[in-house]
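Several structures are given next for inspection.
Both of the next two complexes hold chain A, though its partner changes from chain B to chain C.
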Partner chain A sequence: MKKTMTAMALALSVATPAMADLMVPNLSYRTGPYAPNGIPYADGFNDYFTLLNERDGGIGGEKVVVTECETAYNTEKGVECYEATKGDGALVYNPLSTGITYQLIPKVTADGITLYTPGYGRTSAANGKVFANVFNYPANYWDGASIIVKDILSQNGDNIQGKKIALVYHNSAYGKEPIRTLQELAKKHGFELVEIPVDHPGQEQKSQWLQIRRDKPDYVIMYGWGVMNAVAVQEAVNIRYPMDHFYGIWWSGSENDVLPVGDGANGYKMISFHGTGGDYPVYADLKAHVYDAGKAAGDGSNPGNVLYSRGMYAAMVISEAIRGAQAAAGHSNVTTAEVRDGFENLNLTEERLTELGLPGFAQPIASSCADHGGPGTAMIFQWDAGAKKWNQSSDWISADADVIDPLIAEDSAAFAAENNIAERCN
Partner chain B sequence: MPDQLLYAIEAGLNGLMAGVLYSLVALGFVLIFKASGIFNYAQGVLALFAALTLVGFQNGQIPFAHLINAVFGTDLHEFGWHLPAIVAIVLTGAVMVGLAIIIERYVLKHLVNQAPIILFMATIGMAYFLEGLGDIMWGADIKKLDVGLPQGINETIDTVTFNALGYGFFIDNLDIVASVVAALLVISLTIFSQYSKQGRALRAVADDHQAALSVGISLRFIWVLVWSIAGFVALVAGIMWGSKSGVQFSLSLIALKALPVLMLGGFTSIPGAIVGGLIIGMGEKLFEFFVGPMIGGATENWFAYALALLFLVFRPQGLFGEKIIERV
Partner chain C sequence: MFYREAGDFKTSYADDSQTFPIRFDRLRYYAVIAVAFGVIPFFINDYWANAVFVPFLIYAIAALGLNILTGYCGQVSLGTGGFMAVGAYAVYKLMTAFPEVSILIHVLLAGGITAVVGVLFGLPSLRIKGFYLAVATLAAQFFLVWLFNKVPWFYNYSASGQISAPERTVLGHAVTGASTTAPAKYLFCLIILFALAWLARNLTRGTVGRKWMAIRDMDIAAEIIGVNPLTTKLSAFAISSFYIGVAGALFFSVYLGAVEVGEAFGIQKSFLILFMIIIGGLGSIFGSFAGAAFLVLLPVLLKNILVGHLGWATDLAAHVELMIVGALIVIFLIAEPHGMAQLWRLAKEKLRLWPFPH
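What follows is the complex of A and B.
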């Protein structure tokens, strides 16, 4: 009995991280229908923190412990993961799921933990006056819709009066996010918006694409995820829809969405709030300290691809927020409250990105009490099926703040009223 | 002809084609249920596993490479060959037969005479096991499946209908191939079950297990046979669906499309699976076309089940299912 107790105590001491470690749980999904997207994102996230640990000894001398918890992109499991890991001293969560994000917002607010949702989650969380613990910089769903419309405007001499734009969307909270924004943009620019939902998982989309073939929209915008994306691109090819008039939000623009379609996907467009490809200097360090050292999270097939880059982006922003928190607090073993302050005062400059080996990879962020949404910019990329790579086809494009800001104010005010939240930052 | 009518005909035709694809999945369920009374929850995963194995063989992927590399520190990924589609299909067929033997030997044999719910639960376990095995063997990344099947609009139908009606119908070449393959599959299965010794034994087992055993039919052989055939049907379904979306783990969810087909056509009838698929496919597409725009669209998933439920109310055994009469 004594031996058993000793063994259990030893096992617990091994499994439980030292209290000085920086705990960053990774609520990932490596199983289930969305695993092909969850895996590269989780690998990029883990590898970046492994790099910091191996090369720099962690952040400010503190090792980062990334504990993975499998959510299978299931909201209930995501909440279970949160409850199971928050007691370990978790500093920040990044669940890569809008459904899980919605469930965690009240919980992190009560627990004082940071929820970081770059490019996903609740769009109006960009308003820090209401959402104290949630950050979604550098861009949100509504920014994305507006940036795509801006690109369409630029191709049509800033006049899309009378044009028809179809929105093909995942019939979920995530997919429905851009509808209100696009309706407002339709009023502003005089285009007709056609809304076409696709039910999960989106394996069968014949009806939707027959409708597009009949309606002949000038442009199609897609807010999809998982298998829905590849099927939509394939169906667009089947009906001979012009690929350069077909845009995907950043969750509909990875290699997974175009490679299964082959040459037909050539010219498909997507927007992204970060760069892609393995040419950034940081990859030399990753190779030396992570990949070649046998410490990589995956099988080596993902580095440089879109979703790996996005996971790495999230890890980079989190690490910079923690670094900022350490500097402000004057000690390295930062608390959850200090990390939240670090997110709120993040100042990620172009110079700093260059120091990190990621020049031009992303836009600078200057966060504040009120602004948790960041610059709201993205670039357009176009798929080159021959070279099997995304080519950047635009410079950074800003969202239409005149349309987006009032919508964010309205939605966050409604949330504040429902939850009796007093506005901060006054 | 009014445009709306032409569009409706096009939607209906595409619905029939989609229905054939649903039927291909439903067939696997029917075969196993008919022969053994088991509702095989793992049928969708069988299609996924077959498609993963097919692509793996085609691309010369080393199975369990990630695991081998992690354990032994090697850097193995591919054998370096690219097999012709037909060779890869034959090899995958052999793997599915092997899988049927393993399932019979290590699962079903030990569950003889157990209640159907126990066997059903065993297939749930098999589904998750096979999904994990497929992941470890071949990886979770999305794979392009190319066995040379044509895809995209059929030009002839487009041109002919445009010249005749002023509107060119869209029919996908892949759907036409799927229809031909499904027809051949049903004819082959019918000939096999009617005219071969094994097929007659299979029907005997389906009619009455005890009576079949009493005349010397090996139940274990029949189970291997029927799971092998279901595995082959799963391979065909995996090829058709995988060609549309690439081979990825959501492929197992195609089983959801087969359930209303089974409810409507009956769990024990091969023609029922085909007719059920056609009714569900055409019904959901026409409903989406006429009613979808009025209620916000995305009606197909729930409408298929609503339609199947409606049929169940009037004919609980399904359109072609056997009516079970139990006397006390």
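What follows is the complex of A and C.
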């Protein structure tokens, strides 16, 4: 025991990196049942920062140090990773896990660090009046649910009265998030909602899909993650469910989820708040400075796929927020508080996206003190199993703010009351 | 030379029956207590508290609880994760319903509620034994997790089903919530662990513990000599569940701050704590500590060495870590089936003879 302690103290004391650079930890997961989705995201995140370091010498002349820490999508390991990297001067966290996000929200708020959760985490964090240090733009789970329902509406001439929509969800905080919104939407549009939970990790879904086969819902929406996605798509194919009536949230629509199923997955739909594919100009720079230089993260097989793009999206927003913080602070070695202000005053325009080599990749974001949630828009993509690529099948669709805004206000007010938080920005 | 009974004269029965009759043992025990209470709180930082000490202390409480049931009373249980969930949800409901009451009282009450639930699920133990009982407690595990997922009242109707611990204080110091200092967190868990371990040690030395052990060793013989199996087995379930409930309450409120029942208290938690007591040593207080230390600290240590020290890729390190921990468990159980506590006992035997073994 004592020896263990001594050895551990030794291991810890040597492992501390230099403090001068911009520290952006990557709480990733490359092991466990969620690894198929965790790996491409982590690779995209790392590669984008490698590109900035190699091409531009970092952000504003400061190198970015991305310390990777394996969480295996497990909250206990997430805490360990947070504490291990916090001491090195971490500026912003992006844990890619709703469970870990819930845990980190109070911690980052107390420590003054920023938590950036694009498209995941606690939905009501979109309300900056209550959640000072948490940002989840450009879209959240409730936006996603609303956008899918809107697409269903547009296919049915804006009338889905009496239709049946099933929600297949990961039985966790993440999967349960959209239920409230879908219940409200069901009331508003008069459809029937069937909730079908799938327990972690979701490799066994026979009974759930048997229920779908029996109930014959008109549409199925999936909030899944990890191995659950591919299993669900396979099961849907097995019961010959029409794939173009099967929607995945952005976390349930990557190449890794549909490729194992083969041709049967043709027509499966997912929504995304950014573009995908390797045709953006930024990939030329990535190829020149990162891939060809042998500095790509992971095994280098992921560039251009959906989750790689999303990891890159998160890294791009973080780097732009840091750049904004540097401009506002007038010095390049920014502190955690300055980076938080950078996130709050982020103004990501279409021109800027074009400059970054990502024209049309995402929607512009103009954040403010009260608005940490962004535009709340997404596009629908449809899987083409023959060409093995996602085809964009809609333009940007925005969420139904009439339904979502009151829900966000209600949930954040509950959080504020529970934790004695006074509203900001008044 | 130092470790021996000879020369350590006892002049009263109380002295004779104390927990550590050998002077060296006693001094070592006082030294550990002094370091734990007097030194560590002054040097502890957030990392050491949240990643090392607090999980170790909490898992040690849970391991003590399971050891009472499985190690001392011989009733195999796979419901530990479910009982920890009861403790966690009980403390959550209590701390949100009665915010003005001290969190210490809530934690103990949560243990009490878990004890009641534990007795309920312990009832089958009066009719079934061994593997069959393990399966019955496995049902408790799945039922409880399902229940906390299904009934929104338990998580105060929050949108995501997550429970989050608001800030609560003991004597003016925050021990839950984000602004808790590392020493407060550590000392709160340490004091509870110290009190519970002291209680467990004395319970197992007394009448209650002897009855448990009689039931464990041969229940029919125990019944013939006058041990009531009903009260004995149910008291083991009650006390064990109390410990596990307290551990679950601390796990949620002090350590993690926000949990989701399926992820934090799933079947893998039951197995983890069962492995702790098997590796540490069944029927041993020291074994509970050793097993918890082994399974909590070793992965963190390996991660720090492989990733921090040697600079390996995180995924490779995570895989190798699993292999090393797994291999160590297998080697351990082959080399010493009675766990680390037995190694400790052997070391003490050797120490008695040292430096003249013949």
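Quick note on the criterion: the second predicted complex is superposed on the first by the 408 of 426 C-alpha atoms of A that agree within 3 Å, B and C clash if a C-alpha of one lies under 4 Å from a C-alpha of the other, contacts with A are read in each partner's own complex, and residues count from 1 in each chain.
Basically, a contact is a pair of C-beta atoms (placed from the backbone, for glycine too) under 8 Å apart; a residue touches a chain by one contact, two chains touch by 3 or more.
Since the model is a prediction, treat every value here as computed from it, not as a measurement.
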Overlay on chain A: chain C relative to chain B, clash or fit: clash
Touching partner for A:Asn171 - first (chain B), second (chain C), both, neither: both
First, second, both or neither for A:Arg214, with chain B first and chain C second: first
Which of chain B and chain C A:Arg122 touches, first, second, both or neither: second
Which superposed partner A:Leu153 touches (first chain B, second chain C, both, neither): neither
Partner chain in contact with A:Glu83 - chain B first, chain C second, else both or neither: second
Chain B versus chain C as contact partner of A:Asp199, first or second or both or neither: both
Partner chain(s) touched by A:Gly99 [first = chain B, second = chain C, both, neither]: second
Contacts of A:Ala370 with chain B and chain C, given as first, second, both or neither: neither
Touching partner for A:Arg30 - first (chain B), second (chain C), both, neither: both
Comparison of chain B and chain C by chain A residues contacted: C
Overlapping segment of chain C (options 23-31, 131-139, 185-193 or 221-229) - the one that collides with chain B in the superposed model: 131-139
Residues of chain A at both interfaces, chain B in one complex, chain C in the other: 30-31, 35, 39, 171, 197, 199
Of chain A, residues touching chain B in the complex: 30-36, 39, 171, 195-199, 201, 203-204, 206-208, 210, 213-214, 226-227, 230-231, 234, 237-240, 256, 259-262, 264, 294, 299, 301
Footprint of chain A on chain C - complex, ascending: 45-47, 50-52, 55, 96, 149, 158-162, 164, 166-167, 177-179, 255-260, 262-264, 266, 290, 293, 297-298, 300-301, 303-305, 307-309, 313-315, 317-319, 322
Chain B residues within the chain A interface of the complex: 7, 10-11, 14-15, 17-18, 21, 65-66, 69, 73, 77, 131-132, 135, 139-146, 151-153, 170, 172, 241, 244-254, 257, 284-285, 288-289, 292, 296-298, 300-301
Residue ranges of chain A touching chain C (in the complex, touch as defined): 1, 4, 7-8, 11-12, 14-15, 28, 30-31, 35, 39, 68-70, 72, 74-76, 79-80, 82-84, 86-87, 98-99, 102-103, 105-107, 109-111, 122-124, 171-174, 176-177, 179-180, 197, 199-200, 407, 411, 414, 418-420
